[in-house]
Amino acid sequence: MRHDQRQANELRTVHMETNYLKHPEGSVLISVGDTKVICTATVEDRVPPFLRGQGKGWVSAEYSMLPRATEQRTIRESSRGKVQGRTMEIQRLIGRALRSVVDLEKLGEKTIWLDCDVIQADGGTRTASITGAFVAMVLALETLSEEKGWKKLPVKHFIAATSVGVSEGNPILDLNYMEDSSAEVDMNIVMTSNEEFVELQGTGEEATFSHQQLLDMLALGKKGIQELMEMQREALGEVASKIGGE
Amino acid sequence: MRHDQRQANELRTVHMETNYLKHPEGSVLISVGDTKVICTATVEDRVPPFLRGQGKGWVSAEYSMLPRATEQRTIRESSRGKVQGRTMEIQRLIGRALRSVVDLEKLGEKTIWLDCDVIQADGGTRTASITGAFVAMVLALETLSEEKGWKKLPVKHFIAATSVGVSEGNPILDLNYMEDSSAEVDMNIVMTSNEEFVELQGTGEEATFSHQQLLDMLALGKKGIQELMEMQREALGEVASKIGGE
Amino acid sequence: MRHDQRQANELRTVHMETNYLKHPEGSVLISVGDTKVICTATVEDRVPPFLRGQGKGWVSAEYSMLPRATEQRTIRESSRGKVQGRTMEIQRLIGRALRSVVDLEKLGEKTIWLDCDVIQADGGTRTASITGAFVAMVLALETLSEEKGWKKLPVKHFIAATSVGVSEGNPILDLNYMEDSSAEVDMNIVMTSNEEFVELQGTGEEATFSHQQLLDMLALGKKGIQELMEMQREALGEVASKIGGE
Amino acid sequence: MRHDQRQANELRTVHMETNYLKHPEGSVLISVGDTKVICTATVEDRVPPFLRGQGKGWVSAEYSMLPRATEQRTIRESSRGKVQGRTMEIQRLIGRALRSVVDLEKLGEKTIWLDCDVIQADGGTRTASITGAFVAMVLALETLSEEKGWKKLPVKHFIAATSVGVSEGNPILDLNYMEDSSAEVDMNIVMTSNEEFVELQGTGEEATFSHQQLLDMLALGKKGIQELMEMQREALGEVASKIGGE
Amino acid sequence: MRHDQRQANELRTVHMETNYLKHPEGSVLISVGDTKVICTATVEDRVPPFLRGQGKGWVSAEYSMLPRATEQRTIRESSRGKVQGRTMEIQRLIGRALRSVVDLEKLGEKTIWLDCDVIQADGGTRTASITGAFVAMVLALETLSEEKGWKKLPVKHFIAATSVGVSEGNPILDLNYMEDSSAEVDMNIVMTSNEEFVELQGTGEEATFSHQQLLDMLALGKKGIQELMEMQREALGEVASKIGGE
Amino acid sequence: MRHDQRQANELRTVHMETNYLKHPEGSVLISVGDTKVICTATVEDRVPPFLRGQGKGWVSAEYSMLPRATEQRTIRESSRGKVQGRTMEIQRLIGRALRSVVDLEKLGEKTIWLDCDVIQADGGTRTASITGAFVAMVLALETLSEEKGWKKLPVKHFIAATSVGVSEGNPILDLNYMEDSSAEVDMNIVMTSNEEFVELQGTGEEATFSHQQLLDMLALGKKGIQELMEMQREALGEVASKIGGE
C-alpha cells in the first residue's frame, strides 16, 4: 500500500479539460493527481530554417513552471536570464516524443508549437505534459482538416507517457512528488498505441537497477499508458477516430 | 452601446476563485471578462539587501503571460533571454501599488512575492493583476496572523485597479483588447478604499487628451474600482474584516 | 520657501545649448538646475520591421546615465549585461511622448533616434530628457527640410515635460533630487503647446493622493511646461516658426 | 557486416592515454575509433551550496566540443553566449552517472570536477566521456589517498558506457557517426561492474522500437561495457585494485 | 603638411576642464582636437576580491562612447547586452596604465574607478582617456590627503599617452580619425614623466613596419607626451607639486 | 642561467604535429615547452557582412583554453555566459596578425577561421597560437590550390610570434609561466619573414621600461622568431615553397 492508498500498479486520478483556453488552436488542462499542466498547441505557417523548402513540417515543444507550481517558490527562468538544463531536457523530450507519431510530410510546411505550462506540480510533470500535449496537438491538427482535405489526421498513433520507479525495492507506477524524491530508481516511459517504445529514460540517481527490475517497471508502465490512452480517446471524442490505426 | 453590449460605465463580468492552487500561501484565479490571471502570494523570511536589518518588510511582484494567452503566440521571455520593457513596467507598477497599502514595519523582515501569470489575455491584464494580487496577498498575510498575533492584518486599505479610456471621443470603463487597440487614450487607475489615488498612468499614444476628458475618465474609474472592491470583500469573506479601516 | 529658495511654483534655471556635438543631425545640452542631459537626434533611413512598406516613420528613444552622474557611482548597464526596468520605462516614455507630436506619415520611412544621456543627475532627468529631445529632434528634422521640400516640419505641436509633487502636504513644481526623495507623491506631466496632456504618471510610493491634490499638481505642471516651451522657442530660433500651429 | 568491417557486436578500437596533461589531478585522452576526448578530473576543496556542512562530497561534469571536432565547424557556446540544450543534457548525464559509483560521504566535503572536451567527434562522444571520465576521476581520487588514509578509494564499482542502436532492423554495438545518423533507434547504456544499470536512454527519433529490440540492444550493450571495463582496469594498473569490489 | 595644416610632429589643440561635474571626487572634460572625453574618478572603500585583506588598493577603468559620439550612430553596448572586444581592450589598457604610476600599498584598501565616456570621437579616444583619467585620478586622490595625512600623493609619476602612426610612409603624431583610417601603422604610446614606457601597442593592420619606422614613431610620441604632461601640470595647478618626483 | 637551464636568448623546445585532426582543412598541435595548442583552420565559403560583394576574403580567429589547461581550474566562458576581455584581446590579435600576411583579394570571398584551443598552458599561449595558426592556415589554403589554380598561395610572408621580457633587469626570450608571472615587463612580438613588425605589445604591469630595454628585447625577439620560422618551414615541407617570397 502506498502513502496515498494506491496499489503499486495504480495511476492517480486523471482529468483532461479540452479547449480550456480561447486563443490556441488546441488546448487542454490535464491533471494527474495534483499535477496540473496547461497544454496548448499553436499552428505556425513556417518551419525552422533547417527544414525550409522540403515540404515537411515540424513539432516543437516548450515547457515551464509557474513560480509557485512548487512547494517552494522557484525563480523564473526569464529573471535568471537563462533556461535551465532540466527545462531544456524536458522540452527536447516532449518535442521528440510527439514528432515520432506525426507524419511530418503530410503535415506540410507548418510548425506545431506545444506549450506545456505546469501550474501545479506534484511529480510526473514531464509525462503529464506529453500525455496532454498529444491531445492539444490533435485538436489543433483537426482545425486544419477542412483546409487540408484530411480524412485522417497526419497522426500515426496515440502517444502517452508515465513514470515508473523502484521504491524500497518495489516497482511502482506513476510516482507523485513524495515518492519520486525517495525512490531509488526513476524511469520515464513514452509509448505508442501499437505498444512500441518511443523513449525510455531510466536513472538510478546515486543508485543502480537490475535487469529484472527493469522488466518489472516496463510492465507497469505499459499498463498505465494503456489506461492513459483510454482517457485521451474519451477526451478527444469523435476526433479520436481520425487518428491513424483507429 | 459597446460592441459587447456594455454601457460606457460598465465593468465586464468578474470572478475570483480563491485558494486556486495548493502550494502558495495565498492564491486566486481572477477573471475579468475573458482576461484570466493566476495570482499567487508567497511569504519569504527575508528582505532584499537594501532593507536588511531595518525590521521592515517588502512586497515584490512578477508578471508574465503564457505564450498562448494571446491571439498570436508570443515568444517566452526565458527563450529570449531577457525580460521585456513592458513586463518590467507592469511588475514595477504592481509592486508599488501593493506596497502602498501594506504596513511594512508591522510586517517585519519578510517579503511577500506576488506572481501574476496571465493565462488568457483580453485587455486589462495589469489592472486585473493588481486587483487579484491584493486578494492573494491578504490570504497569505492571514496565514501569518496566529504566529504574529495580529488582530488586524498589516493592510491599511483595500486596493483595486481598472482601466479607462477615450474611444471615438467617449470615455469608457474597463476596456477589452479590441477597445484598447482602437482607443485614443488609455489610462490605468489604481485607488484605495479611502478613495485616494495610488497610481495614475494616462497615455495618449500618438494622441492627446484634454483636462475635461481626464476628469470624465477619473469618474468612471472611481465607480469601477468601488465595484471591484465589493467583489474583493466577498471573495475574502471573514478575512476582509481584518483589513484596516473596515 | 524651498531649501533652494524657490517658490512652490518656480522652475529651476534652465539652459539649452543647441548643436552641442558635431556629428549628430540635431543635439542639445539641456540643464535644468544641476540636471544635465545631452540629447541627440539621429536620422536613419529605415524603420523597424513592423512598419516596413507602410510609408510611415518612427521615433525611438534611448536613455542612459553616466556612472558618476549620480551621487554614488552606478554600475554601467553594459557591465551588468542588461538594461534595467527603470531605464526601459523612461525610454519608452520618451519615445511615446515625442511620437505624439510628429506626423509620422509626413516623415516617411525614416526613424528618428533620440539619445538622452544624463551626465549629471539632480532629479527630473526624464522630463529634462523629453524637453531637450524635442529640441534635438526639431533640429534634426530641419536638416531634412530641403530634401523633403517641407515648409512646415512634420511636427504638430511643441512638447515639454516637468515633474510636480506633494511635499509635506504642499504641491510643488520641478522637484530636485532632495525633494524627489522626500516627496509623498511624484507626478510626471507631458503636455503639448495646445494644452493637452500626452502622459500623466502619478505615483504615491508607499502613499496616496487625493483628487484635490491631483488638480493642484496639474495646475503647477501646466504653468511650468508653458515656461519650458518659451525656452524651447528661443533655443530653436527661426526654426520654431516651422512647427505646426506656430 | 558494417561499413567499417565490424561485426554487429564489435566495439571500435579503444585507447586510453592516462596522465595526458600535467596540471590536472587526473587526466586521460580516450579514443574510441575516431572519437577523441580529453577527460580531466579536478579536486576542489568545497561543495555546492546545497551540500555545505553535511560532510558529503559532490561530482560535477562539464562537456564541450572544439569547433572543428566535427565535420562542419560549430560555433562556440561562449560566442553564442549560452550553453545549448544538448550540452546540458550530456553534462548532467555524465555527472549523474559518475556520482552513482562514488561514496560521497567517504569523499568528504570536496567536489570532483570532470571536464570532457571532445577534440574529434565520430559518434558516441557522451559514452566515451563517461568511460574516460571514470579513469580520470579514479586517478584524481588516488592523489587524495595518502592525505585521507584510504586503503580503498571511495569508488564502489567501475562504470562505463556505450551506445547501441537498431540499423535497418538489426541491433548493433558502438555506433559511429555515420551509423548514428541513419539508425532508427539510438540507446545509451551506462552500467557498473556488478552488472547493474545506472542509466538507460533509448530514443526512437521519428521512429519506435519493440520490447524484443530493447532486449537485444541491452545484451549487446552489456557485452561492450564489459570489454570497456577491461580496458579501464588495464589503463589504471595497480590503482584498479583499490576500487570497491575488486 | 597634414590635411588640418598640422606639422608631422604637432599635437592637436588640447583643453582640460577640471571639476567638470559636481558628484565625482575628481573629474575632467578633456578635448584633444574634436575628441572629447568626460573622465571621472570615484573613490570606493573596498577592493576587488582577489586583493582583500592585503592592505593594497586598486585602480580600475571603464570606457564607453555615447551612441552619437561617432559619425554614424553606434548601438549601445547595454542594448546589445554585451561589452565589445574593442571596449574591453581599451578599458584594460587604461586601468593597467594608471596602475603603473600609483603606489597601491600607500593607497590602502581603496579602489579608484576611472570612467572615461567619449562624448565626441575624432581619433585617439583611448590616449585622450589615459591623459584625462590621470588628471581626474589625481584630483580624487587629493580629496583623501587630509584623511590620510599625505604630503605627497601616492602617485609616482605623471602619465600621459598619445598615438603615432605611419601615413604614406611618413611618421606622424596624434592622428585624427581621418588619418587613423588611412594610416598603414598605428601605435599607442603611454609614457611616464621619467621618460619610461608603460605601454607600446603598435599594429600594422594588413601592413607591417620596419625597425627604423618604429624608432621614428617613438621619437614623435615622446615629444607629444612631454607636451601633454605640461598641460596636465597646468590643469592640476598646485596639486601637481604633490606628485612623486616633482 | 634561467630556472629551466635556458640561456637568456634561448627558445623552449618546439614541436609541430601537422594534420593532427581529421576533420579540419588544416590543423597542427604546436607545443612550445609545456604550452600546447591545437590550431585548426576552416575554410568557409562566405565573408562577414561588411565585406560582402567586394571579392575579398577574411581571416578570423578564436582562442580558448580548456578548464584544466591551467594550474587552477578556470570556469568555462560558456558557463559564465560571456567571453572575457583577455580572450577577446587575444583573438583579435591573432586575427589581425594572420590577416597581415594574406592576400585577401587573391583569396576571394572566403573566410579562414583559425581556432586556437590551448590544452595545456605554461606561458606564451598567444604567441604559440599565432605561430601554429600560420601553419594550419597554410595547410588549409593548400587544399584550395587545385580548385583555385594557385601556383603560389595567397600568403605574402611567413609570420611567427614570441614573447620577450625583462626579469630582474635582464632581457629574456620566450617566457614560461613562472617567468611571466615575475617579469617586470612583458612584450609580445609578431614579425614576418621579411623582418618587419606586425604587432608590438609591450606592457609594464605596475612597472615601466626604458628605451634601451626596448631595443634589447626587440633583438631577442627577432632571433627567436627566425628560429620559429625555420620550424614552420620544416613542418610545412614542400608547401613552404608556395609561400610568397620563398
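Structure notes:
All chains are identified by letter, namely A, B, C, D, E and F, in their written order; residue positions are counted from 1 within each chain.
Please note the rule applied: contacts are C-beta pairs under 8 Å (C-beta built on N, C-alpha and C of every residue); 3 or more make two chains touch, one makes a residue touch a chain.
Chain-to-protein mapping (UniProt): A, B, C, D, E, F = Ribonuclease PH.
Every value quoted in this text rests on a predicted model; they were computed, and no experiment measured them.
The chains in contact with chain B (Ribonuclease PH) and with chain F (Ribonuclease PH) alike: there are none.
Comparing the centres of all chains, each the average of its CA atoms, the largest separation from chain D (Ribonuclease PH) belongs to C. Annotation: 52 Å between the Cα-based centres of chain C (Ribonuclease PH) and chain F (Ribonuclease PH).
In this assembly, the C-alpha centroid of chain A (Ribonuclease PH) lies 60 Å from the C-alpha centroid of chain E (Ribonuclease PH). If you average the CA atoms of chain A (Ribonuclease PH) and of chain B (Ribonuclease PH), the two centres end up 34 Å from each other.
Contacts with at least two other chains are made by residues 81-83 of chain C (Ribonuclease PH). The chains touch one another to form a ring, and the order obtained by going from chain C (Ribonuclease PH) toward chain E (Ribonuclease PH) and onward is C, E, F, D, A, B.
Residue ranges of chain E (Ribonuclease PH) in contact with chain F (Ribonuclease PH), taken from their complex: 82-86, 88-89, 91-92, 96, 99-100, 104, 187, 192, 194-211, 214, 218.
By the touch criterion stated above, chain D (Ribonuclease PH) contacts chain F (Ribonuclease PH) in their complex at residues 21-24, 27, 34, 38, 40, 42, 44, 62, 64, 66-71, 73, 76-83, 87, 113, 115, 117, 119-120.
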